[in-house]
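Note that the chains are named A, B, C and D in the order they appear, and that numbering of residues resets to 1 at the start of each chain.
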Amino acid sequence: MTDLSLALRDLVVANRILASEDVVDAYGHVSIRHPRDATRYLLARSLSPELVGRDDIMEFALDGTPVRGDDRQPYLERFIHGAIYEARPDVQAVVHAHAEAVLPFTITTTALRPVIHSGSFMGGHVPVWDIRDNFGDTNLLVTNMAHGRDLARCLAGNSVALMRGHGFAAAARSLIEVVRMSVYVPRNARALLAATGLGPVKALSQGEIDARAAGYKPHSPETWRAWEYWARRAGCGHLLAKRPVKPAKRSKR
Amino acid sequence: MTDLSLALRDLVVANRILASEDVVDAYGHVSIRHPRDATRYLLARSLSPELVGRDDIMEFALDGTPVRGDDRQPYLERFIHGAIYEARPDVQAVVHAHAEAVLPFTITTTALRPVIHSGSFMGGHVPVWDIRDNFGDTNLLVTNMAHGRDLARCLAGNSVALMRGHGFAAAARSLIEVVRMSVYVPRNARALLAATGLGPVKALSQGEIDARAAGYKPHSPETWRAWEYWARRAGCGHLLAKRPVKPAKRSKR
Amino acid sequence: MTDLSLALRDLVVANRILASEDVVDAYGHVSIRHPRDATRYLLARSLSPELVGRDDIMEFALDGTPVRGDDRQPYLERFIHGAIYEARPDVQAVVHAHAEAVLPFTITTTALRPVIHSGSFMGGHVPVWDIRDNFGDTNLLVTNMAHGRDLARCLAGNSVALMRGHGFAAAARSLIEVVRMSVYVPRNARALLAATGLGPVKALSQGEIDARAAGYKPHSPETWRAWEYWARRAGCGHLLAKRPVKPAKRSKR
Amino acid sequence: MTDLSLALRDLVVANRILASEDVVDAYGHVSIRHPRDATRYLLARSLSPELVGRDDIMEFALDGTPVRGDDRQPYLERFIHGAIYEARPDVQAVVHAHAEAVLPFTITTTALRPVIHSGSFMGGHVPVWDIRDNFGDTNLLVTNMAHGRDLARCLAGNSVALMRGHGFAAAARSLIEVVRMSVYVPRNARALLAATGLGPVKALSQGEIDARAAGYKPHSPETWRAWEYWARRAGCGHLLAKRPVKPAKRSKR
């Protein structure tokens, strides 16, 4: 398989994982920057993520224009992806989701921050973007590059930006990392929400956040274990790149 | 298929979606105004929504009388539907549901209002109807036109009315819109409930509510995507009106 | 089928419904007074309710002694059932459950009371029984008639008693009513719990509780609809006593 | 079957139960001390618990070294198990889990304590271990014996230690007991969390905790009932050690 073929297959798995883990439902999407052309990204046509197959994936210029005259219906909010890729050369994958658990943090003044170890990947600062600040009354959707660039400015160098009354956008160096972050951001949100009212909350220190960022590589066994677990739960076990399990050098028990 | 046939088929799908999305359980119902006669509405006989099939649908005069002497058991609370159709010529579909997430807002003084974008369709004002105000101690059910008309007066020109200690009634210009609203009202309620205690809550502005009402058409791709997603989850994919996916004008990747 | 056969069949369905609706899990049980002998009750042997079949049902004297030397393992807490039947000639069915939603109300001072219409059946007063009051430190289980009679005294003429740090006991005039109550008590508890913090709570008035108690008969269509719905969800549709659906007196649409 | 074979089979069942009851997901693990050698323990290779089969189980020295040169990938945090076995000769089984419900109690000052009867097994004191106290900024994982011994010191003679921002470690005299405790600790946490805000909470007394500890034996019928129930829910009914149900000494009804 070519690197592009592998990328497309993994993007299908990512769609299915995010749907299966309830990070996305009918709405929400995940993209990757094109492995061969940094001015392009790959994102499904307008379809529920759980239905996305390889042939549904479209290719876009960073400004959201489908390449090669592909006239299938794209996601209205694809500009979230293009604007982040444009602003962030380090980012190779983006997720936009409405996951319920984060919604309360998008509409109040309590900051979302990492409080459980798996939440560390969101980083020490999670800005909240409010489209009303620069665009007044809208339908809250990121429907053009002006909106998208405004969101990307708010995201800045961070990994996650909340979108007021809407959801979040997550950006990472790899697809496996953005998916993992997107699964754990809601879990961290739930823990923080539940801890409210139980007393002062002890969050992760910046040092802990940094230690975890340094330690976890995209394909370390621990990261792979979660990807494999989620892929199987999503019915995509057959699409996983196989890591051979070494035949055990052991005597029989 | 005739327009009536299509309407009946969509009403079956609506029943199944509301059951599948946990908006209704054994109780709760959805109706449409008769496409050919504004003085009639279509509503299933007394049956759990997840079991409703085409042959279960009965036809009623607005006062709740089954037409043509159909003597099957109707829903006790059909008067919710008839009274709203009577008071609101603009309304073409009605849902009554007990969805758990809204119940806390029916018994306290905190108003339910849109705080997430998908909640915008409930509008800026969600009145709470309390049957006790005009009827004293009852079994809380809307069992005649006097109750129904009182509820319709409370609903007035709004899209959703909460019913104290009971649930909600939702009214819209189309079936797809009342179903979408009914799925998202509980989700919005959960976000608002969770946000309580995290600080002051930022709700959608009236301008945002209006922008979203203007933007979403009943069969826009975004609205259709949710209907298709929910219908498949409800096992009704085969009943969907097919929208052809344009063969992609694209060169092979 | 004899009345005893029908009673046994319904008791099996009741077990499956309570398990399926998460009112009980590995623990919890439901019994009926013997239809032919008021000094006996019918209750499964010690088995998870979702596994109970007709042949698992044992017969007990009110003091908890299995009749006819049946030496299969009975539930340790069968004394809850016998003591209530002994104290309450009007009661024909009893449920003991640990349903999670009620647990917070068993360990604090906030009273559980009906706030949603389907919660009315618990009545206006739900006492909390604490085994420690009269028995000091125990393992919290009702393991003899002394415990059971103390619980029955606390229950008095009410329908539900909470058991501190444990769950609840529910008693009703019929099996369908005790099952319905047991399904709705947790739902009401969840609504009341969620409403806390949203402002003062409007509970059902005694008049409303009474109106609903007078209105609902054990086999009214509305009560049957829920039983049928829950039985089907529990996979017991085939065990339902069939109510014939009248062939519709209607002209073809 | 040999005692080792039975132990391995039960360990597989334990893995599946913990996964099925959502105590663990991709992460989390359960071990037993080797039935024939107290200086060894048995723990799966690095794999999601729901996938663990008999052949995945590895054997370790207490310091975490795989025996017999088994070079398959072990769990990074196996040191939790080894350090507890080292410090506690009474402990025969250990669980490490991230169960969501306990997370709020790991990051605030409200103590987790038994408030429902099934929570009694965690004991009267549940210490909270914070790796930062003695190790400064880390990735929060127990990745060596120094970490593990520090956790074991914090656990001391208790049954459960919370791990700040991480989850918990549970230790018991038998596998069935550590699994039961691990299933009920989250349930107890949920009840306590929900009770917060409803008034002062009545916890179990030390006398009640002791009475329950004395009463429940690992293979009493009540304990077995839960194991059987959970094993069946996990799809492992076929792996259960069969307890014969005595043929009933009763006349036919």
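Remarks
Keep in mind that, in the parts below, a residue touches a chain if its C-beta (ideal position, glycine included) is under 8 Å from a C-beta of that chain, and two chains touch if they have at least 3 such contacts.
Treat the numbers as computed from the prediction; the structure is a model and nothing was measured.
Residues touching across the chain B and chain C pair largely diverge in numbering: under half of the numbers involved belong to both copies. One simple way to say how far apart two chains are is to compare their mean CA positions; for chain A and chain C this gives 46 Å.
Annotation: 32 Å between the Cα-based centres of chain C and chain D. Of all residues in chain B, those that touch two or more other chains are 197.
With chains as nodes and touching pairs as edges, the resulting graph is a single ring in which every chain has exactly two contacts. Contacting chain pairs (ordered by label): A-B, A-D, B-C, C-D. Residues of chain A touching chain D in their complex: 115-118, 120, 187, 190-191, 194-195, 197-205, 207-208, 210-212, 215-216, 221-222, 225-226, 228-230, 232, 245-246, 248-251, 253. Of all residues in chain A, only 4, 25-27, 46-48, 50-51, 59, 68-73, 76, 98, 100, 103-110, 130, 132, 136-141, 164-166, 193, 196-197 touch chain B in the complex they form.
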